[in-house]
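Read through the structure below, which is laid out as structure tokens, and then see the notes.
All chains are identified by letter, namely A, B and C, in their written order; residue positions are counted from 1 within each chain.
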Amino acid sequence: MSQAILFRELTKVLPRPVLVVLAIVVGSTFIFLLYLGMNKLINYAPERYHEGLYGAMFVGPAIFLLGLFLLYPAIRTIYLSFFDKRGNNFIGFENYIWSFSDRLMLITIRNQVIWLVGVVTLVILFGLVVGYISDRLKKGEAFFKSIIFMPMAISAVGSSAIFKFIYEYRPPPLTQIGLINGLRVGVGSDVNGNECGNNVTLDDGTKLDYVNEGCLKPIGWLQQRDLTNLPSFENITSTEFFSSIFVNFPINTVLLMLVMVWMFTGFAMVVFSAAIKAIPGEIIEAGQIDGASEGKIFLSIVIPYLKTTILVVATYMTVSVLKAFDIIYVTTRGDFETNLLAVKMLDEFAKFLNQGRSAAVAVIIFISVIPIIILNIIRNKSEAKS
Amino acid sequence: MRKSIFGLSLLTLALIAAACGGGSLEGEEVLVFGAPATDGPDGKAIQEVFDDFTEETGIIATYVGSENFESEVQVQLESGDVPDIIYWPQPGGVVDAAERGLLVPLEDLDIDLDEYESRYSPYLVSLGVVDGVAYGGANAVNLKSIVWYQPAEFDKRGYSIPATWDEMIALADQIVADGMNPFCFGMYSNGATGWLATDWMEDVMLRTGGGTATYDQWVNHEIPFNDPVVKNAAEYLSQIMHTPDYVVGGTDAIVSTFFGNAQDPMFERDADGNPGCLMHRQASFIVGFWPEDAQPGAGTETTVFPFPVIDASLPKAALGGGDMFAATNDREATAALVQYLLLDDEAWTPVATNRNGHGSTRITANVNFDTSLYELEITRVLGATINAALSENAFRFDASDLMPVEIGQGAFWSEMTELASNGPSYIDTALDNIENAWP
Amino acid sequence: MNNQVQKWYDKPISKIILVSISLTWVLPYFGFVLSSFRPGDSIKRVSWWSSIATGDFIREFTFDNYSEILFAENLSRSFFNSFAVTIPSTIIPITIAAFAAYAFAFIDFKGKDIAFLFVVAMMIVPLQMSLIPLIKLFSKGAVLFGVTVIPELSINGTFVAVWFAHTGFGLPLATFLLRDFMMGLPKSVIESAKIDGASHLTTFFKLALPLSVAGIAAFATFQFLWVYNDFLVANVFLGIRPQNLVVTSHVAQLTVGNYGEAWHLRTSGAVISMIVPLIVFFSLQRFFIRGLIGGAVKG
């Protein structure tokens, strides 16, 4: 407490840049002295304990901080998930029952599954293809890789803004400035045979727009929860099983999901191309001499060789998708059935002021990662054996 | 021991500070947090008010606004690093925070409640009361019971302003027959989609059944959400949303159109020189969203007529929204700012006169404020209308802002969005769903 | 060897695939960045592709959108804040993680496996899950079974809080990646140092650390980009005081300030906030890409 006040007082007296530099210097000296001090102390202990003590000294601070910053909050959250709105009364599993019965919550879970399957598969697929091809280029490898990788350097918020600009919808007769709608409304001609245009004025002063019957209408892509509003699908009846699945295809969720694919393909590509480089060249050459087709070489030699790498990427992507927050938060904020668990969690906390439900959603996110972690542990074990 | 020495030195520091300041609050800081963005028109306007206050008292008041106010404020309240004053976009925020014991009653800030009530009407004051104690300070209000139109376009085609709902429908049919779309209607709003439809329903509720009395019962859940009166209101709304060609872009466009863009078609002309739409029911703040070249014409080129009467036997009523602020501590500097905002009748002047070109069209709820000071014609008219409505107790606050959050920002919004896309046959399901969701 | 058969990857088809994928990846930026040089009014009236076609783009080319944001009051302070947040938030977790990684790789101690499993497990705790409890911890401390474990800190709203928070969130991945990296170092070198009687601390500073530079640089880039681009954690722990604004939040504030569709500011603002990450990315790209895989490939 007193340190905190001291800190606050200091903030008032010293100019901020000085203060920040001071804090950094004092902080790093402290960390350094901490390890040095521990090292000195260990020297006084009996020799046979040294190795263990050194282990504790090297690992200790990390474990302590993890416990404080991650484990403790996680436990508190699990505890809170069994309590009501303001955390006062124990209500058992009620928040979990709500999680799996509330309509919007079920849709959120569905979206999370779509994202998990879609993002992980597409990122791995694109990553493999681009990684494999670019790796064999004679020149330009670095250039292609940089292009694909660049989205990783931009924040999710920036990426979302970029894609929002592409999906942009404006009510007619305004000019469509989003790429998809703009190209859409400018083609063809209306029922009277007049050209359709994106609200453009030609040199002779005539105006071409798209409001007349026969021209394609712009579509609010991020608001389309299914395909029923798309002209080509209007006439499909949703009674048949397959067509009903088709018509209910949540196009907005998929379009938002693509933002994440765009962002993370570069990551997968880099990891895969490095792994591909590590494949001994003779193996592939042997395949070629045997007359195997390139597709076959890729599927039966390269892929099996990359099995563990694929698992690593899949693990990383699964964790990232479950944590995905910004893309939804800055585009639709979860409206039109596009919500994801991480955003839903914040909504329950901040919008509906329900700490219990918010905690329950957090716990669900946490639990969802466990299977893939177990998979990793099994893999680690089997590797250790071999 | 160390603590006490430290405390002592703090005390000394405080004494020195007090000696230097000569007992005044000069140099004290007050941090205010709200939803309108710091650098936006409303944020700048709020800061202008604070600058006057700083000049008068020497207390430095700073306004900070955030797009993510809703979540950030909850975090702040938990973090112990709380702003001194918080502007909530809905009174519900004040009520919730007060119930959690995080706010200071106005009385403890030396506010004379009678004087406060005489300026802001007992109705507005009552919205910030918890267990008989007033916490919330009424502030800016906007008027929602208005329909925007362009007189020139009306005159050109011989249309007259509809005074009743039936006249408005007749006019709409006429416009459709003339090959245009009568209404602009866009309800997409990140994380809040649906509020425009709830606004329409509220306006109808105020003009049908028992008027404001029924409205209050509805807000307090003294009548069920699927009551015939409410269903009736939903049917009126559905008539606008679902009659073919009534809405520009068709029914699909309603949910796709961002509410801030919704009126843009009115300012655009198609190949035949017709505007995209001729009427738009939206609150007074929409002016800030218009294309820049259209904004100066507010009140002249583009102006409003009152939301039409439905049941002529009911007294006139006005629907509105607005923000409410509350203090999180009773520091003298905080109290001074609250007093200034609530009881100084000239505090609003920099907002009204558009000082330094902030461009905000915020209207004060203080009936003592001289509305002739507003720079824009339209705000002058709307300000006077709001004042009159408040004085006659005909002003009602946005119902969805007063209902429990699960309804007001949850089921009511989402079911109205469903209604917009699913058509009139969905009305019963929508209302039943909302009724079932009521906590 | 086999000159008659054209290698498949030299066939036009694979080049077409690659070029089309790259174009797809670049296209989103293209219209966006281009729009940042157009007047706000034109962006709304004419789509960016027709503005190129008609030549309007060249005629109306402007830097106004950029100057509007770059000359905004106190933007330089926000840049300073961003670095003040980012640099320690990168160094602290890496330092602590490097020590831990060394121990996991080269020291045999009891409970090593369990400790490592714990680190991996913490990797999956979602950030959002720990935000609120952490905020409470930073303001009111922690009391377990009536014992004050952590005293009342009241550090919310200071840089220290953000440093701590980012340290917590970055530590598991840092430890995990660096351990993998150090496992890849030649064991014999470390062993021989031990035989020569060097202490673990000496080995760590003199051998393990210099040899792991690539891995450390990789993670540092990663963490730097992440922290710099983040504004959730910054907003939560730094609070709303204007003097604490970081660049990402500041730019976001400037762009939403004008309501409606301020695409001219949204685009230029986004480009400005991308500058630092892109510079860091391109200058450290080599390390980044090499180091990251150091861990992942071996698996």
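Before moving on, here are some points about what is shown:
Definition applied: a contact is a pair of C-beta atoms (placed from the backbone, for glycine too) under 8 Å apart; a residue touches a chain by one contact, two chains touch by 3 or more.
All of these numbers come straight from a predicted model, not from anything done at the bench.
Chain A has the C-alpha centroid lying closest to the overall centroid of all protein C-alpha atoms shown. Set side by side, A-B and B-C show the greater C-beta contact count at A-B.
Here the CA centre of subunit A is 14 Å from the CA centre of subunit C. Inter-chain centre distance (subunit A to subunit B, centres taken as mean C-alpha positions): 35 Å.
Rounded to whole angstrom units, the spacing between the C-alpha centres of subunit B and subunit C is 39. The multi-chain contact residues of subunit C, meaning those touching 2 or more other chains, are 44, 131-132, 154, 252. Shared interface positions of subunit B, defined as residues touching 2 or more other chains, are 75, 261. Multi-chain contact residues of subunit A (touching two or more other chains): 1, 5, 174, 346, 349. Those residues of subunit A that touch subunit C in the complex are listed here as 1, 4-5, 7-8, 11, 16-17, 20, 23-24, 27-28, 31, 35-36, 39, 51-52, 54-59, 61-63, 65-66, 68-74, 76-77, 126, 129-130, 133-134, 136-138, 144-158, 161-163, 165-166, 174-177, 179, 182, 198, 200, 262, 265, 270-271, 274-275, 278, 285, 288, 294, 308-309, 311-313, 319, 322-323, 325-326, 342, 345-346, 349, 355, 362-363, 365-366, 369-370, 373, 376-377, 379, 383.
The touching residues of subunit C, counted against subunit A in their complex, run 1-2, 7-10, 14, 17-18, 21-22, 25-29, 31-32, 35, 43-50, 80, 84, 87-88, 91-92, 95-97, 99-100, 102-104, 107-110, 112, 115, 117-134, 137, 142, 150-155, 158-160, 163-165, 167-169, 171-172, 175, 199-201, 204, 225, 229-232, 243, 248, 252, 263, 266-267, 270, 273-274, 277-278, 280-282, 285, 289-290, 292-293, 296-297, 299. Against subunit B, in their complex, subunit C makes its touches with residues 41, 44, 72, 131-132, 135-136, 138-140, 154, 156-157, 235-237, 239-242, 252-254, 256-261.
Residues 31, 33, 37-41, 43, 62, 64-68, 72, 75-76, 78-81, 83, 258, 260-261, 288-293 of subunit B are the ones touching subunit C in the complex.
Interface residues of subunit B facing subunit A in the complex, by the touch rule stated above, are 2-3, 6, 10, 13, 70-71, 73-75, 96, 100, 184, 186, 188-193, 248-250, 252-253, 255-257, 261-262, 264-265, 268-271, 276, 405-406, 409-410, 414, 417.
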